[in-house]
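Common to both upcoming complexes is chain A, partnered first by chain B, then by chain C.
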Partner chain A sequence: MKKYQALFTIRFSSGLQYRAAALGGIATQFAWGFMELLAFLAFYKANPGAYPMEFSQTVSYIWLQQAFLALFMTWFYEQDIFETITSGAVAYELVRPIDLYNRWFCHSAANRLARAVLRCFPILLVAFIVPEPLRMSLPPDLGQFGLFMISVPLSLGVVVAFTMLVYISVFFTLSPIGVRIVAALLADFLAGGIVPLPFFPDVVRGVVEILPFAAMQNMPLRIYSGHISGAAAVRGLFLQAFWFVILVVLGRLWMKLALRRAVVQGG
Partner chain B sequence: MIELKGISKSFRVAKREAGLKEAVKALFARQHETVHALQDVSFTIGDGEMVGYIGPNGAGKSTTIKIMCGILHPDSGGCVINGRVPWRDRVAHVRDIGVVFGQRSQLWWDVPVADSFALLKDIYKVSDADYRRSLSELTELLDLKELLKTPARSLSLGQRMRCELAASLIHDPKILFLDEPTIGLDAVSKIAVRQFIKKLNQERGTTVILTTHDMQDIEALTERIILIGKGRILLDGSLQELKRRSASQKRITFEYNGPEPSLPAGTKVIERGPHRLVIELEKEWLSVSEAIAQISAQVDVVDISVTGMSAEEMVAQLYREYAL
Partner chain C sequence: MLYLKFVSIHLKSQMQYKTSFFLTILGQFLASFTALLGVWFMFERFPEVEGFTFPEVLLCVATVLLAFSLAECFGRGFDQFPQLISNGMFDRILVRPRSALFQVLTARIDFSRLGRFVQAVLVFAYAIPGSGVEWSWDKILTLILMVVCGSIVFFCLFMVYAGFAFFFVEGLEFMNIFTDGGREFGRYPFAVYGEKVLKFLTYVIPLALFQYYPLLYLLDREQGLLFMLSPLGGLLFAVPAYLFWHLGLRRYVSTGS
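After this line comes the complex of A and B, so read on.
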């Protein structure tokens, strides 16, 4: 375990170095969050009863999404992992007594966490002091907050396990661009990154809500505001755990196959 | 103990002719070609041996190394290293080996070298006491003291290679694979690296397998060489054996004043310039002293040097002989 801890630490601390990037990110996420909220506000004003989530729930959803973007974004990838594969430097990874899947998983999770830690506090702070109705509210009760706290790491796990599949695909395609763009856009949309899933038409929603993408940001963000609560929330956590296990198992099997027929690029 | 038996490995490579028309054709029907990187490669290397693994570019050296490191799976054949099959038991196997790929870096680019070492310590689960001992030993042997606090990106190539060597030895491996460890180094760094490898082999008894294009590495370090070409082992023996095989010709360089001399019988001109002449002797024909006597009878010789064939040339000759 200690080696993963060490890997985590070195990645986490190097992720903390990038202060200017974090400031830029915070500014973007404020702007984006406000814009989205103002658009929703306009819709809600037109017909408050016509939407599947209360406005305050939507507000919390969007602020949390912006604050923890780094944990949940499906379109963020580790450039060095792609480079390791395409340049053949993966050879050095493979002469270490360490499982490559775990190593990259750890690397990726550490970086997301470092980014989230740098960005979340200023955004949350502002979200709690802006005037109503754009102000973020506290979760309905402590139990719900507890469920939220379990759901967040599970989401991170599902997101990272999903991105691992994109990394592994590069062993076969040698260019990350195609798979990455398609996967990123599709996953972001289906995860509720653009519009929360409850806003999807009913027919589509039935299917979308059981996909692995629904086990990403959709769960914690809706659990926080109480939009999913009680037994439904617990079911949600199980869905997340289920997809986490499935994606990890798939990723490991695929990785094994990739390494069996791996061609280490460049001499 | 390293034992390879009948290892073969081939790659499928997509191929097409140059040009737009061919590129469009390749969209629909891909042409593949099978490249036999290794064919029936067998050898045995004992503990504590130091072996030079040589061959031209693309001969299969790196592929063999990667198979021995457990990175690649061969198509057929067997390989047992210290009782383990590398690719089947990769994690346990790599604990016992150290690897330096001269063309890549294993140091984390942005952090001081010491941090990279500390991370490797954790990855290999080296105890604190062993780590301290190993690090101080390596620091002294490779003169790393000043480098440890520097980020890898600001090291010169020679400094980096010393750090790479140290990085691959922190866990005190039994076997060290060096894939072109002196590539791109200046003369001073090359000598430092060679001395270190020699010392390591003598003091720790580490088995060293070295691939290189620099024959001076081979001459300075290894007793035994394995020559590979087009995926097959062509020669497995000592450097002396190689020397015996290549008819060792003598070369004489003259610097002289006066008109061009005529050549003695049994010699071949290698180079002829104003006041300079390089000839090669066919041994059986003429002795060195006779050749010198004949030339100096004709012109005023200012300087003479006599050289044998370098290992470099011997290998080049072998490559030609095997049409590599």
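After this line comes the complex of A and C, so read on.
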């Protein structure tokens, strides 16, 4: 356990070094969230009755989404890992006395966390002071906030476990680009990255709400604003834990299979 | 012509990995497809926004997507430009007997971006008859102007992005709000975002000039030459964009290799 902790700390602090890059990211994400919200506001004004959540809930959803983009976005991959696999350098990794799945998992999770920590505070700060109706509100009560705090790490776990599957697929395809883009975009859409799940047509929504993607950003962002609360929120946490376990188990099995037939190319 | 030669070289080299090439095209296609799906889901719930209906908005989606994909196909050399600067490769470009701009452009011509192009054409195929516009010659001309001028504006934005790389090595991400953001948010007529944003996108970054105003003309909401020819106004953006690039080039100091 200690070595994974060390690994996590190293990755985390090296991720914290890129402050100038973070500055650019913060500006982009803030502007992005702002435009996103203005569009939702236009729809809200067009017909408040058809709007499936309170507008303030959308506001919290979008701001949190932008602030924690690095934690939840499915299209953020570790380039190093792809290169390790395609270049054959993975052979070095295999001789190390450390489990490869755990190592990569730590690596991705730490990097995401570092990026999110660098970016989230300025975005949230501004989100809390911009004028109404775009101002972010606090969660309805402390309990709800607690549920949110449990949901965030679970969500990160599900996202990383999902990207692990994409990394492992590269053992088989060797060309990461196609699979990577398709998987990332589909997951992003089904997780509510483009339009929050409550806006999906009801027929589609019934299915989408129980997929592993619903256990990604969808859950914490809706729990924060109280759109999912009480028993439903607890059920949501269980859904997240369930998919987390399933994805990790799948990933580990698949990795075992991949490594058994891995051929190290070159000398 | 030298440019065509570069085009054919890039095409041939990308065709070496056919599966990957087509999968990437598919990826690009799906990328804009999920955005489109998002628009569709919103309009399933809300029949109209700011007085625009779904087919009318699709006209917007397709115009912006087509303009963007054309600009991207030829202007993505700018995308790699920050790397050229940070690894010192740009110095090599400067000693060659062709303009720097030309070489940066031909460093990369990415045909896999055609995925978006295909999508845009398909959306047009639906939206052009579906939008209820009575297509007369002046309207066809307007639409062509929207696409052509739009892609030039996007191209200029890529150039500004590269220009910034002369001044800052890191933190260029913020330009994405105008390039990728312009594409993503351009799916709705820009008036949706309120008056201030519309003004900004008219006078500062002229994205609305090839999207919102000529759209009003197409939909008969506004008459008059000003609305029909507004995309041409966007071309003025090329002047500051080029000057900015030029300024950067003049004060370029190598990062070393």
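The rule we apply is simple: the second predicted complex is superposed on the first by the 267 of 267 C-alpha atoms of A that agree within 3 Å, B and C clash if a C-alpha of one lies under 4 Å from a C-alpha of the other, contacts with A are read in each partner's own complex, and residues count from 1 in each chain.
We take it that a residue touches a chain if its C-beta (ideal position, glycine included) is under 8 Å from a C-beta of that chain, and two chains touch if they have at least 3 such contacts.
As the structure is a prediction and not an experimental result, all values here were calculated from the model.
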Next item on the list: For A:250, select first, second, both or neither according to whether it touches chain B, chain C, the two together, or no partner.
Entry: neither
Check: For chain A, which side has the bigger count of touched residues, chain B or chain C?
Finding: C
Next item on the list: For A:150, select first, second, both or neither according to whether it touches chain B, chain C, the two together, or no partner.
Entry: neither
Note to self: Quick one: is A:32 in contact with chain B, with chain C, with both, or with neither? Answer first, second, both or neither.
What the structure shows: second
Next item on the list: Report for A:195: first if it touches chain B alone, second if chain C alone, otherwise both or neither.
Entry: second
Margin query: Looking at A:241 after the superposition, I want to know if it touches chain B, chain C, both of them or none. Which is it: first, second, both, neither?
Written below: neither
Margin query: If we overlay the two complexes on their shared chain A, which of chain B and chain C does A:91 touch? Say first, second, both or neither.
Written below: first
Notebook entry, point to check: Can you list the residues on chain A that touch chain B in the complex?
Noted result: 2-3, 5-7, 10, 14, 17, 87-89, 91-92, 94-99, 260-264, 266-267
Margin query: Per the contact definition, I'd like the list of chain A residues that touch chain C in the complex.
Written below: 18, 20-25, 27-28, 31-32, 35, 38-39, 41-43, 46-47, 50-52, 175, 177-182, 185-186, 188-189, 194-195, 199-201
Item checked: chain C - residues contacting chain A, complex -> 17, 19-20, 23-24, 26-28, 30-31, 34-35, 37-38, 41-42, 44-50, 168, 170-174, 176-177, 181, 185, 188, 192-194, 197
Margin query: Looking at the complex, which residues from chain B come into contact with chain A?
Written below: 11, 57, 62, 66, 69-73, 90-92, 94-95, 97, 99, 101, 103-106, 108, 110-111, 115, 118-119, 122-125
